[in-house]
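Paired with chain B in one complex and with chain C in the other, chain A is shared by the two complexes that follow.
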Partner chain A sequence: MATRPKYDEVEVGAEIPAQTYPVQRLNLVMYAGASGDFNPIHWNERFAKAVGLPDVIAHGMYTMAEAGRLLTDWAGDPGAVVEYGVRFSAPVVVPDEEGATIQVGGKVEEKLGDGKVAVAITAKAGDATILTRARAVVQLA
Partner chain B sequence: MAPDWHALHGSVKEHVGRSTRQRLGPMSAAQFQRFAVAVGDLNPRYFDPEAAREQGFPGVVAPPLYLTSVLGWQAGPAEDELRPDGAESEVMAGVPLEGVRLMGAGQEVELSHPVCDGTDVTLEVSVDDVELKHGGSGQFLILRLLRRYLDDRGTELMRCRETFIAR
Partner chain C sequence: MALNRDFIGRSYPPDEPYEVSRVKIKEFANAIGDPNPAYRDQEAARALGHPDVIAPPTFAIAITMAAGGRAVADPDLGLDYGRVVHGEQRFVYTRPIHAGDVLLATATVEDIRTAGRNELMTTKVELATPEGEHVCTAYSSLVERGAEG
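Let's turn to the complex of A and B:
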């Protein structure tokens, strides 16, 4: 496991190492069951296309959770994230065969005191920016 | 049929400031572990009671976004009970939104206390605000909900401000 970042050593502007998270239809079906969100746009190609989408899309909150993993992996503690907000700007389209890949990066924007840092997150799938105004407050040791 | 946006805006507006409460009951490790596996986050704290206890928790801990990610706490709807846009009717906590298409636009989550196996949770949902907008593709509503998750002593575990677009 990577060394946990320490508040005193983290600098404003520091990049959080980017990560990629693959998404397959199976993840979406599992997520539907776990979240109780059974909207067919997340598992039924026919339905998704009928409502004007290019294909099945990932749940917004699934995408949010994947991007959040960047923070908990970086901080080394799932309890370190104290605030986290996103806007869903484009859907993650998940074709049956190839699936999709979510690329997530982050940057320390501000040191807030008391061991807390504000982080700006970027999340893309292919060329599409899937989250905007994605920000979090992370408690560091 | 195009909805009467002014009437819909008015009827949703009547819900602003009101809140509904739903007791979700004790959280189950198996359920939040399924969530953890689905999002590919396999921290031992979610799965191994000993690892969780070593880190100072009474039992295995739910992934941070578990509560706010769950939209339906019932057994799950039959397909013909889904709204025509595919969403679940349970989601909107009694707010009248028949005949429109709902789309989640974002969430802002504040996490105060960890949720563990067995934590008894009550969900409180209120409508913060509703705006009628005129866009290039017609009228739509922007709806902001506040969801608060409380334990059985009334302590807030987490809260989520959620924005929906209804068109």
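Let's turn to the complex of A and C:
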């Protein structure tokens, strides 16, 4: 497990090392079952195209979960994420063969006191920004 | 179609308590492809100071979506679910959810408004233990896309 960052040593503007997370159709089927969101736009290509989407798209919440991994891995303790919010700005299109890749980055935006820091997150799939206003509060040691 | 503004402020008290299991947390962690041991290994979770395995930060959606869905599914609201996209989501935690938790979900419709051709609906779902300990509040914003052109 990664070394847990310490509040006193973290500086505003510090980058959290970027990560990429691959997405396949299988992940979306598993996520549908685990979350209880069985909307067919997330697993049925025919249905997705019929409602005007280019192909099957990932659940917004799946995308949020992947971006959240950047935070939980950085914090060292997933329970340290005390607040986490996003706006879904573009869908992640997941073609059958190639799947998709989500690129996530983060930056310490503000030190809030009491060991808490605000982190701004960026998330893209290809050239598309998939999350905006993605921000978390992380409790550091 | 405009959503029924009478729903603003409407609150839905908890129905069945949700029992958080280790198996469900592990299933969710597997689904998001996250190998973090805090989600599956009790010793690893205890070493971090948690009483049992904890849930990923977005796990609460598996509980809160169903609770918020009670308003969404009410035909009087007038929501066409086929036109709905998830606009925003935010979780505020008092403490992490862990295996063994029994959680009660109280859903409230916070706001309904028009934005251009779309209708925006914001719900708040609070998760608490039967003893009244607050665990998490989830804020969801749904967008009902208006008709094209």
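The definition used in the following text is that the second predicted complex is superposed on the first by the 140 of 141 C-alpha atoms of A that agree within 3 Å, B and C clash if a C-alpha of one lies under 4 Å from a C-alpha of the other, contacts with A are read in each partner's own complex, and residues count from 1 in each chain.
Here, a contact is a pair of C-beta atoms (placed from the backbone, for glycine too) under 8 Å apart; a residue touches a chain by one contact, two chains touch by 3 or more.
These figures come from a predicted structure and were not determined experimentally.
In the superposed model, A:Y84 lies in contact with both chain B and chain C. Of the two partner chains placed by the overlay, chain B and chain C both lie in contact with A:G68. Of the two partner chains, chain B is the only one that A:P40 touches; chain C does not reach it. 21, 27, 30-31, 33-37, 51, 60-62, 64-66, 68-69, 72, 78-79, 81-88, 133 are the residues of chain A that lie in the contact sets of both chain B and chain C, per the superposition on chain A. Residue ranges on chain B touching chain A, taken from their complex, read 31, 34-35, 37-41, 43, 45-46, 61, 63-65, 68-74, 76-77, 79, 82, 85-88, 101, 104-112, 114, 161, 163.
Across the complex, chain C meets chain A through its residues 24, 27-28, 30-34, 36-39, 44, 48-50, 54, 56-58, 61-62, 65-66, 82, 85-93, 95-96, 139. Here chain A touches chain C in the complex through residues 1, 21, 27, 30-31, 33-37, 51, 60-62, 64-66, 68-69, 71-73, 76-79, 81-88, 133, going by the rule given at the top.
The touching residues of chain A, counted against chain B in their complex, run 21, 27, 30-31, 33-41, 47, 51, 60-62, 64-66, 68-69, 72, 78-79, 81-88, 133.
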